[in-house]
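Please find the structures below.
Here subunit A shows up in two complexes: once beside subunit B, once beside subunit C.
What follows is the complex of A and B.
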């Protein structure tokens, strides 16, 4: 793809709008599963716009400018992820680095407000990072199979050897768990559990909340795209409409998973993710011993 | 090929044996570490609202100016060490930056006058000290086996470094305090002073990603 500024702006707006609508659809399906009519699919978009025009509030306990910086960092890290993954088709390792920064955002967001709920959300984010980041051992397995971690090379490999989904099902499952963790109302969503109000986002309001919502919509789109590109293949990502259809399909599956499972206790959530990460590590060791 | 892992390599800055490299991956890591260091320098610590045992009212936990100064300095040292670790393409140099981050992490919380934070810091310090042995030991073994520590040269040498890589990963896990050595470090995150605590978290996570890159490269 030609990486001109207009293309990047186009991609950003596309990612935000599609991500928002998919998150709206996700919420709608969960509502229907629970026997409620649910809000309209454009509700996430309306929510973002509503907060965008509201005033910003600062708690007297907040540590500034970190309180503002983390919200801006959130949107900038996911914009970078979007450009690096979709526009430049660069290294998956950089994407991990960006996912890691998302955990820093959650931690900073929660701690900088001074709120006890935010603080618990932030500390839970540190615990969940210890479990989610090892899930990226899939990158090592991908490297052992394709001998590259560049998304462009992985796409080329799949166009010759077929989809990675069937070659490395355990890794695909681990990455899918990451998608489940990132989706709203996830069983692994301990950082924003309703037992701690809104977790790390409890105190962020108005424009800052809106910026975080924009970042989350872009993050949802980017992660779905990466999953499709890395595990399903170039046949899907080369056609925007097919990509959209697969994203809708994945959103429906995620909504069913999240709608039918309760929020796990923090230690259960971490233990389960660590177990899956352990499975992936076994897979990596197996591939290492068997020579890719 | 190294470029299949780190993205495009834009250039190198050799300081004798120590080589700093600028790739897509290292530039992003370096810039992030520097930006955070600046934000940490500018940010005043938040005031945490703590519930009291056997009392109805809440208490505001405030970081005193004396405590703030030393913690801020250690956080800046930690940020600079992390930024350096992102750029270096010498394994020994990287191990040195890693230990410097470990020392700075202990420094960040050691000024907090709370028993449980100091205990956690002490336990983390023990693990970090023990972890320096596998960290530098593996670097020494790699040097003995291949004759170089340059991350640009190591991928060209057709020798299996699996055992050394495993030891290096174990050393990194202890030094950054990630799982399974997590229990001691977790308590440190409950200390007040969000910008400084955030730097502990950021440095650990960036170093994990960099270590993965190094282990895939060599």
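What follows is the complex of A and C.
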């Protein structure tokens, strides 16, 4: 893809709109599973616009510089991920680095507000860093198989050798669990569990909440795209319409998974993610011994 | 289809959703309906389903977004009919 400014703007708008619609669809499907009519699929977009035009408020307990900065950092983090992954098709290691930065955003967002719910959400985001361990292991396994961590090289490898989904099912499963944990109402969604209101987002309101919503829509799109590119292959990501169709399919699967599973307790969530990391590490060891 | 045209179709689809939502809230006051079909939404959905496979796909996206965007509990059957027509048209056009 030509990485001119116009293309990057085009891609950003596409990611935001598609991410918002998919998150709306996700919410609609969960509502149908629960026997409710559910909101229209543009509800996420309506929320974002509503918060964008609302008055901005600052809690008296908030540490204002950090309170504002984390929202801006969130959107910067995911815009960077979008450009590095989709436009430049660069390294998966940078994507991991960006994903780790997201943890700083969640932690800072929760702690800066001064709210006890926000603080618990921030602390839980540190626990849920366990979700990154399988991600590291997945990248290691991909490197052992394709001898590169560049998305462009992985796509080239798949165009010659076929989809990695069938060659590395355990890694694909681990990455899919990452998608599950990032999607709303996830069993691993301890950071924004309903027991702590909205977790780290509890005290963010108005324009700042809107910016975080925009970042989350872009994050959802970027993560789905990376999963499709790394595990399904170039014949999907080279056509925006087919990519969109596969993303809709993945969102339906994610909505069913999240709609039919209860929220795990924080320690169970971490334990399960570490178990998946252990599985992927066994896969990495096997590939090391067998020579890729 | 390139990304710009796809974005255009998505924006029109979202506007169709907005219009459908506004229309249904003005027209219906009850929160939920069963076995009742909105004729305007059905016609727009059928036309949208046909147009989505033509060079006027952007208009098709707008029209098919109309029943989907209607308030909760409305427009479901209309959207499914439009979707099936779009799928059948696609299969017919691509079978020759």
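Note that in this section the second predicted complex is superposed on the first by the 286 of 292 C-alpha atoms of A that agree within 3 Å, B and C clash if a C-alpha of one lies under 4 Å from a C-alpha of the other, contacts with A are read in each partner's own complex, and residues count from 1 in each chain.
Assume a residue touches a chain if its C-beta (ideal position, glycine included) is under 8 Å from a C-beta of that chain, and two chains touch if they have at least 3 such contacts.
Predicted, not measured: the structure shown is a model, and the values here were computed from it.
Of the two partner chains placed by superposition, only subunit C is touched by A:38; subunit B is not. When both complexes are overlaid on chain A, the residue A:62 reaches subunit B alone and has no touch with subunit C. Looking at the shared chain after the overlay, A:14 reaches subunit C, while subunit B stays out of its contact range. Contact with neither subunit B nor subunit C is seen for A:102 once the two complexes are overlaid on the shared chain. Subunit A is touched at more residues by one of its partners, and among subunit B and subunit C that partner is B.
In the superposed model, A:274 makes contact with subunit B only, not with subunit C. In the overlay built on the shared chain, the residue A:112 is in contact with subunit B alone; subunit C does not reach it.
Those residues of subunit A that touch subunit B in the complex are listed here as 60-67, 69, 80, 84, 90-91, 93-94, 96-97, 100-101, 103-104, 107-108, 111-116, 119, 122-123, 126-127, 129-131, 133-134, 136, 139-140, 143, 147-150, 153, 274, 288. Within the complex formed with subunit C, the subunit A residues making contact are 7, 10-11, 13-14, 17-18, 21, 36-42, 45, 239-241, 244.
On subunit B, the positions that touch subunit A within their shared complex are 1, 4-7, 24-25, 28-29, 32, 36, 39-40, 42-51, 60, 162, 178-179, 182, 186, 189-190, 194-195, 197-198, 201-202, 205-206, 208-209, 212-213, 216.
Across the complex, subunit C meets subunit A through its residues 1-4, 6-7, 10-11, 14, 17-18, 20-21, 32, 68-73.
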